[in-house]
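Each of the two complexes below includes chain A, the first together with chain B, the second together with chain C.
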Partner chain A sequence: MLRSLKGLVCRSLRLDRGCALHTAARDGLSSVSSQDVPAERPRAVFHTSESDPAKHTEQHEARLYNIPLEEVKAVFPHGLPHRFQQQIQTFNEARVMVRKPALELLAYLRGSNFAHPAVRYVIYGERGTGKTMTLCHVLHYCSRQGWLVLHIPDAHLWVKNCKELLQSSYKKDRLDQPLQASAWLKNFKTSNERFLQEIKTQKKYMWGKQESTEEGRPLGEVVEQGLARVRSATDAVGVVLREIKQQSHRGSFRLLVAVDGVNALWGRTTLRKEDKSPVSPEELTLVHNLRKMLRNDWSGGAIVTTLSQTGSLFKPSSAYTPQELLGKEGFDALDPFVPISVPNYSPREFESCYGYYLERKWLQHEKAHTEDGKAELRFLSGSNPRQLDRLAGPL
Partner chain B sequence: MVVDQDWSSVYPTAAAFKPASVPLPVRMGYPVKRGVPPPKEGNLELMKIPNFLHLTPPAIKKHCAALKDFCTEWPSALDSDEKCEQHFPIEIETVDYVSSGISIRNPKARVVTLRVKLSDLNLDDHAKKKLIKLVGERYCRETDVLTITTDRCPLRRQNYDYSMHLLTVLYHESWKTEKWESEKSEEDMEEYIWENSHSQKNALDTLLQIKASENVSNVTKEELLASEVVKKYRNSVIALKNNGETESNMSQYKESVKKLLNIQA
Partner chain C sequence: MLLCQTLRLFCITTAVQRKNVGASGPEKYTEAFIKKQIEEFNLGKRHLANMMGEDPETFTQEDIDRAIAYLFPSGLFNKKARPLMKPPSEVFPEQRKIQWGEDGRPFHFLFYTGKQSYYSLMHETYEKFLNVQKHQDQLIAEDLPLQKEKRNLAGSRWLTKIELEEMLLEKVSDDDYTRFIQLLQKLVALPCADIEEKYIQKFSKEVPVQLQKVVIEPLQYDERGVAFSTGEGKRKTARATAVIYDNGTGKITVNGIDILHYFPVLQDREQLLFPFQFLGRIGKHDMVCTVSGGGRSAQAGAIRLASAKALRSFVTEKEVEFMRQAGLLTVDPRVKERKKPGQEGPRRKFTWKKR
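What follows is the complex of A and B.
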């Protein structure tokens, strides 16, 4: 009640950028710890104790919910924005804000028919509005529901700054990236231990001359093989993707393919071959296999992706719409998809984020506690989550 | 000088400045220190500059009255702009230059600009697209006007003939279809065509898979293409590609995809 009145008071200074989609890439959302913190204002209404995303509804909107730290380690070994991870360390808790785009996505996922081919969702928005955090919220929901989560934290990492590029032994004209593949396999293992024992391979795979994985062995062995022999890590990733895709329609598990920065797969790379000719994304095995996963010729799950300009290559910094970032090829490959836009903070969400920072004593400046200070923060950040986070840092 | 004297007889043609004939107290020149500009008597500055004392408004009125005998009446049927445009769709623009000097020639006077609206030309779809590609920058999409400017010949009449020749050639060439035009690819298309595009293929594949999973057989492609959801999807994709991405376009696309894939919230 009090919060909505506060929202009315500050409405005159609202400076939302109308239709911009913002993703809260760093917006950590604060959450208040469950202990009673003696605060000047009454106990915040902007925290919710409901920590299961499955039960989040509109009444939880603009509130922050807590994820226990052990779950954070298990579910998000990679994938949370860097600043949010720092925030978790500082505040010793992980609080995520429940926002409309995430609620919308969760509603779609709940109502989706898993016999139909997988639906693709593309989360888009301007810089720093909460796209990656929305993705993480959905990821948390799916892992709580027991889905197999295939999370690629940032597809841009696979198309730039690769130290080693090996020629693929499987297909002559493709290139392997052993370091990236093994890093991803390690994190994949942490988040999906139990599935790796349950899913069995369906055919025999040869790794080089002597080693092979027989049919019917658990997928964990393939992952071990990839981690042990780094040269074959990329092929191991390809095998894992292939097996999971083929078996998802049986219904024994649900598959969520979550890719952050999906526009990297159809852009340009900054990698060069030994003869200094540029590498196009199709020539990278990892990208090729991931593109096959993103096609909707399988059923029994969903594909949730995010567009990101921040790590992208050769794209102007003002680009945020799907066509601009994906390009013609990417759009044609992902079409038909459901676009989900993530805007800047609404007044309510801004209030709750500001209230969280205050309650955790993150805003130390004495003027920041006043109404004027709040209005100034709102104006300076433009209700953009990332800007607010950066502004509140030095205060 | 008498006040009601006829000025056009004092200066009937271009002549130098005669201080005795011009009754105005004109001063011109740089003044000496703490002085005034020199007077008009014996003033070289006034004599060397060109003057238009022979072209005062009454003089020009007399010229027009004399020329009227050589003119014809404006046709009474052409009393509005629309009628002029309808009967004479081609507009020719030329510029004449007047200067006070020894020679009446000016090289800029040879430029001829021809303007015509493409809607007044008899062009079908292929011919119009080919013509627009041929002329490039000379066509303005908003006003549908083709502008051809010619100045490569030394005389105005030659430039006019050349511009008419250009228009004729463009018209006839755009009606012809060459053999290599069949190789026109997607990148060359001016606007997005949904038929036979990736979008159509993807949508049809997805719908067929959905129907197969529901065990509904005997659904043909034509039926799918004719259904309402696919038509709406097609329109939203065309709007998105041709008009760019706006809020309304994106939300329309989102709604159409949700209906197509049967997603309920």
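What follows is the complex of A and C.
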């Protein structure tokens, strides 16, 4: 009898975990078992049950909030950092830390006037400080708010390691990348299902000699066309981008353009044409269309981008400022923009992350539980999120 | 000059040795010969001073060395092979001057024992021993208390066999040496041995204690009132200096760059962490260091040594001793070994081919 009650108790505790005031639950259960209740209290410090980013404020800073796994699959088919995806699989939950840069960005987004041209935000910082995670946080907020999210997970993937380059049928001197385009279209479809039915095309598009999409058809058809005919996938992407840009100022939906690793669009590529001459980014159709999106000549949304040195080509590893990574061309193209810097963990954030690892029993080493171990981890990782993650792995 | 005469003398010596196989040892010098050498040396010294334009009265041995190095520059690697001008007492090894007079009669009464100095020393020491015993008996007879001040044997040691040989100017065998030391110990063991203290001191030497040599500098204070201390360290070819400030947050800067950027490898950062972790002061100090030379591992080791030396000022003596035993304060003597001719590397030999 007592055992079954205990089981019920544990389950109900897990459901409303992280609540700073578990009053009713605790009162009812204090008579049954007292061991679980003290374990809940430390958890409350660095977790928050607020899983809607719209309600995140400074109060929630340095705390981790949970994204339900179904939402993760819907909102982030691509775009989460690889290590974070592994962590989700291991812990069976997706916990994202609420940090100051993200809160800043959310405040700007809330207060922005959508009649004005889209404001560009550039998230920059040193390696491994959490720029992509900030971007994902903002993405989650926007998708919860019902925006149309145009998320390019890593622009570097489009300028390097491309196996197939086709000459574009639309413009002679441009090159198509069918594989990358089709992969992106697939993920775009998963994340923005309902918009694909709502938005209608405004022009007739010809795919080659026979196939065409009429005016007024839902955008979903264009996407299907791109997925079915891989050769025209790049053009399909171009069409999608164009339509969305033209219709965003009408106000029926908000558009968020989120690009990770935007410095790839203005750098150099490692691709070569058949005559071994190097390809410059303008010659790639995908890059060309994306650059048009990033111009602030449209309204009704926002552009949030991240700089990334890790995948960048021909840039020194110590470069992290917008000037260094974008180069003159990119800087002029993106100017004016709002820079948002992402620093290493503050002491509070470090405590929070460390506590989370402890709680999920990720740190198995006995010494890791002590104060000395914590100080050691802090020293060796330099409060850098990526370093801490890599350090905590083998422990 | 003196040098040419020395050379001539050595040539003659070897020629003589080749003819007389039975002649043992180097040629013995007469006292008159040595005296003549000293006169010639002094004269030569005054001539040299004149040549160099210095005052002959205040011409020291260092001045002589410098003058000779200037007048006879030599590129030879072996310092002993270069031209030198030293007082004859250094050039001619202390040897026994010829022990017998014009008529062939030896001066010392123990000459025909073969080891005259050793036996005379033993006789002397035993005489002292008997003296002390007599004094002791006297005191017992007069019912006076015997002085019991023990010599501090901890900080002193007896002469070694080689030092004894140098003192006596003749060979001493192991058994003889042991017997002499035993006699000395018996002498010292007597309660009234203080009378012959001066005689015993001739045969004992001080042993300096290891730890007294290390001096820990006190803390210095900068303009803000924060305590800081400096330390230097080296490893292979890297040299580092570290300045550690108190009341810090654990921030470390190397050559103006944060350690996370300067040492991307975890191993190097662990090396830097070691002294602080050992003392349990990880987040308490700030450090600013400069390092040059060497590779990444050598630089990390050099900074580790420098920071450990700087931390000595902040810490009690016991903890300094712990650090020393942990090896944090020792300079790592390992350097790159030289490549030898006939081998591919310091140890690796060329591939051996059977034919």
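The criterion applied here is as follows: the second predicted complex is superposed on the first by the 351 of 395 C-alpha atoms of A that agree within 3 Å, B and C clash if a C-alpha of one lies under 4 Å from a C-alpha of the other, contacts with A are read in each partner's own complex, and residues count from 1 in each chain.
Convention: a contact is a pair of C-beta atoms (placed from the backbone, for glycine too) under 8 Å apart; a residue touches a chain by one contact, two chains touch by 3 or more.
Treat the numbers as computed from the prediction; the structure is a model and nothing was measured.
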item	value
When chain B and chain C are modelled together on chain A, clash or fit	clash
Chain touching more of chain A, residue-wise (chain B, chain C)	B
Which of chain B and chain C A:D372 touches, first, second, both or neither	second
Partner chain in contact with A:Q323 - chain B first, chain C second, else both or neither	first
Listed stretches 25-33, 79-87 or 259-267 of chain C, narrowed to the one that overlaps chain B	79-87
Common interface positions of chain A, toward chain B and toward chain C	none
Chain C contact footprint on chain A (complex, rising order)	318, 372, 375-376, 378-380, 382, 384, 387, 391
Contacting residues of chain C [partner chain A, same complex]	250, 258-261, 266, 269-270, 273, 276-277, 280, 282-283
For the chain B and chain A complex, residues of the former touching the latter	197-199, 202-203, 205-206, 209-210, 213-214, 233, 237, 240-241, 244-245, 247, 250, 253-254, 257-258, 260-265
Of all residues in chain A, those that touch chain B in their complex	18-19, 104, 107-108, 111-113, 115-117, 119, 296-297, 299, 321-324, 332-333, 335-341
